[in-house]
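Please read the structure below before turning to the comments.
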Amino acid sequence: MTESVYKIIELVGTSASSWEEAAKNAIETASKTLKDLRIAEITKLDLRMENGKVVAYRARVNLSFKYEK
Amino acid sequence: MTESVYKIIELVGTSASSWEEAAKNAIETASKTLKDLRIAEITKLDLRMENGKVVAYRARVNLSFKYEK
Amino acid sequence: MTESVYKIIELVGTSASSWEEAAKNAIETASKTLKDLRIAEITKLDLRMENGKVVAYRARVNLSFKYEK
Amino acid sequence: MTESVYKIIELVGTSASSWEEAAKNAIETASKTLKDLRIAEITKLDLRMENGKVVAYRARVNLSFKYEK
Amino acid sequence: MTESVYKIIELVGTSASSWEEAAKNAIETASKTLKDLRIAEITKLDLRMENGKVVAYRARVNLSFKYEK
Amino acid sequence: MTESVYKIIELVGTSASSWEEAAKNAIETASKTLKDLRIAEITKLDLRMENGKVVAYRARVNLSFKYEK
Amino acid sequence: MTESVYKIIELVGTSASSWEEAAKNAIETASKTLKDLRIAEITKLDLRMENGKVVAYRARVNLSFKYEK
Amino acid sequence: MTESVYKIIELVGTSASSWEEAAKNAIETASKTLKDLRIAEITKLDLRMENGKVVAYRARVNLSFKYEK
Amino acid sequence: MTESVYKIIELVGTSASSWEEAAKNAIETASKTLKDLRIAEITKLDLRMENGKVVAYRARVNLSFKYEK
Amino acid sequence: MTESVYKIIELVGTSASSWEEAAKNAIETASKTLKDLRIAEITKLDLRMENGKVVAYRARVNLSFKYEK
Amino acid sequence: MTESVYKIIELVGTSASSWEEAAKNAIETASKTLKDLRIAEITKLDLRMENGKVVAYRARVNLSFKYEK
Amino acid sequence: MTESVYKIIELVGTSASSWEEAAKNAIETASKTLKDLRIAEITKLDLRMENGKVVAYRARVNLSFKYEK
C-alpha cells in the first residue's frame, strides 16, 4: 500500500431518524462512484428544526478514497 | 432576512436512550418559549454511568433564535 | 473594577453589505438593553446566498456586559 | 436525572488576588439566582494591569444549571 | 471528594448498529476492572466501511476513574 | 430535504479591495457550475503584500452544494 | 537521552483550596510509583460546587515518565 | 529561497472604519522597518465600543519577514 | 493575481521511508493534472504498522490550485 | 485610540509558589521596558518537578503593548 | 471486528536523527508488549537543543491496541 | 530556575531536503544571538513547489530563551 495517494472529500448526509442514518446516506451515495472507501470521520453533527420539531439529523463526514490520476 | 439579529444559547439535553433523543429534548424544551429555531449544532457528546452502566446520554447543543429587543 | 462579574452572550448580526455592518447591527441592538459593553470578539463569519448571489454577511460576536444580580 | 435540560452560561469573575477568587466570585454571584450549579469549567484566564502592576485576575467560566421553562 | 486523584484513559468502542452501542461497549468492558466510572466524554466518532457498506460505528471515549496508588 | 447528500468544497477568493469582495468572487465563480449554494463559512482570512503595500485580500470559504451521483 | 521512550498519562487532581494544590496532589500521588517525572502540562481547570459554594478545585494534568518495557 | 530563515511577529492594527483598514495599518507600520513582507494571516478580529457605539475595529495579524542575524 | 479563485483539495500521500517522501508523492501525483501548485500545508501525520514494524509513513496535505470554471 | 498599532509578545514566567506569581513575574519584568501594558492572556500553564516534588509553576502569557516604529 | 474495544496510549519517542526514527522507536518499544498495533497518529513534534545544537528529535504518538480485560 | 522569565519567538526555517533540516536551520541561526535555547516546538509544516516539484520544506518553530531586561 505504501506508495498510494488518497483523496479526502467532505460530504453532509441527512436523515429524518438518526446521525447513523445520516452518515450512512452520505457514504452509500459516495460509494456508487468511489472505490475502496474504508474509514469515514465525523467532523460535525447538527440538526434542522421546523415549527419547534426536529426534521433532519445531519452528519458531516470526511471520506478518503484512492486518487487515480 | 438581512438586517436581523439572532442570539445563540447553549443547552444540554439528556436521554436514557440516545444522543438524538437528548438533543431533541433540549430543542423541544427550548421551542416552548423561543420562536423560529432552525439549526442546532452539537458541541459536545458525553454520557453518565452508574454502577458500570450507562444511565444517560447527553448532548450539548447551540441554538440560535431571533433576538427581539 | 476588581470584584465585578460580567456575563458573555453570543449574537449573530447580519447585513447586506459587510461584516463590519453585521457586527455593528448585533452590537447596537444589544446596547439598547445592556450597559457597559466594551469589547466584542468575532467568533465566526459566514454568508448566505440565494440564486448564486450573496444576500447577507453574518458575523457571530461574543459580547460581555456587567452581570447584575 | 435522565430527561432534564440544562442551560450553560458564560461569566467572567475578577479578583485582586487570584484566579481561584475570580472564579469563586463569578459562581457565588450566579448562585444567588441559579439553582443546582454543580460544575464550572474554566475557558480562559487573563489579567489586567495598570502602571506595570497586576490589578485584577480574571477567570471566564462556563456554568450549567437547570433550564426550567 | 476533595483530595482524590483520578486517572483518565481513552478507549475506542465499536458496534455494528450505533455510536451509542459503541460507547456502551467501551464503557462496560472497562467497568469490569475499573471502579467508580461516572462520566465518559466522546472525543471522536467515525465508521468503517467494507464494499461500500458501513460495517462498524466507532466511538472514542475518555473515561475517568479513581487512581489508587 | 431530509435524505439529501451535500458536498463541501473549499475555495480561496481574492480581491484588491476587501474580504467581502474576495469571498463574493469565490462564490460567484462557483455558482456558475454548482447549484443550490446557500451558506459559505469563512475558514481563513489573510492578505498579500508587495513592497510594503497590501495587494490582495484573500478569504478561504467552505461551500456546500447538492451532491448528485 | 536521545533514544528513550516516554509515556504520557492524564490525571485529575482535586483540592479544596487551589488549582496549584490540585495539580500538586495529582503529581505527588503519581510520583510514588513513577520515576523521573519532570514536566506536567495543565490541560483543563474546573471546579465543583455544592449549595452555591465551591467545594473542590480540579486540575487535569498530562505527565510524562520513562516507559520501561 | 530554500535555506532562508523567517521570523513571525504578531501585531494588532486598529481602524475606525473597517478590519481591512485595521490590518493595513498594522502592516504598513511594520513595513517601515521590516523588509520583504509577503503574507499576513488574520488570527483574530474584534471591536471596541463606547456608549453603545463601535469606535474601533481591530485585526490581529501574523507577519513573517526575513530574520537576519 | 488579485481577482483569481483557487480551490483547495486534501490528499494523503504514503511512503515506506519518510513523511517528506509521503508528501512529495501526493504532490507529484496531483501535479500531473493540476497546474500552478505552490504551497502545500501538512494537516496530519501518521504511520501504519504491521507485525510491530512501521510499513508506511502518511502525510495529509492541503493543496491549492487555480479554479477554472 | 483608533489608529494605533500594538505588538504582542509571548513570555513565560516562573514561580515557586503559584501561577499568579508566575504570570506577575513575567509581566513585571516586561513592564520595565514596555509601556502601556493592559491585558495579558494566559496561553499555557504547566509545572516542573524534581524528585517527585513541584519546583516551579510556569505561566505562558501574551502581552500587547504599543508598537512604536 | 465490530464488537472489539481498543485502548489508546500516548508515547514520546526520541531520536538523534529524525522524527521518523523517533516515532519508530516509540512504536517498536511498545510493540514488544502490545499486540495488533496498526495506526499511530502524530500529536506533537518538537526537538531538544544543547549548546545551540539539536540533540534530539521527539515525536509524540497516539497508539491504539486491543484492550483485553 | 524558579523566578526566571523566558521569551518565546516563532521562526520559520526552510530546507531543500527535509523538515528536520528546516527546523535545524531556524534553530542554529537563532542560536548565534540567543542563549540557553532548550526546546523548540513545531507549530506548522508545509512545503513550496515550483513546476510540480517540491523546492523547499518549511518548519515553523517556537523557541524559548532567557528574557534579560
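Chains: A, B, C, D, E, F, G, H, I, J, K and L, in written order; residue numbering restarts at 1 for each.
The working rule: a contact is a pair of C-beta atoms (placed from the backbone, for glycine too) under 8 Å apart; a residue touches a chain by one contact, two chains touch by 3 or more.
Model, not experiment: these values are computed from the prediction.
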*Give the chains in contact with both chain F and chain J, ordered by label.*
H
_I'd like to know which pair from H-L, C-F or I-K copies the B-C interface, where a copy means over half of the contact pairs are the same by residue number._
H-L
*Euclidean distance of C-alpha centroids - chain D vs chain F, Å*: 38
_Centre-to-centre distance between chain B and chain A (centres being mean Cα positions), rounded to whole Å_ = 23
*How big is the gap, in whole Å, between where the Cα atoms of chain A centre and where those of chain L centre?*
38
*Indicate the residues of chain L shared as contacts by at least two other chains.*
18-19, 32, 45, 48
*Which chains touch which?*
A-B, A-E, A-F, A-I, B-C, B-D, B-E, C-D, C-F, C-H, D-G, D-J, E-G, E-K, F-H, F-I, G-J, G-K, H-J, H-L, I-K, I-L, J-L, K-L
*Any idea which chain K residues touch chain E in the complex?*
1-8, 64, 67, 69
*Over in the complex, which chain L residues touch chain K? Could you list them?*
18-20, 23-24, 27-28, 31-32, 37-42, 45
*asked:* Which stretch or stretches of chain L touch chain I in the complex?
replied: 17-19, 44-50, 52-54, 57
*For chain G, which residues are in contact with chain E within the complex?*
9-16, 25-26, 29-30, 32-33, 48, 55-56, 60
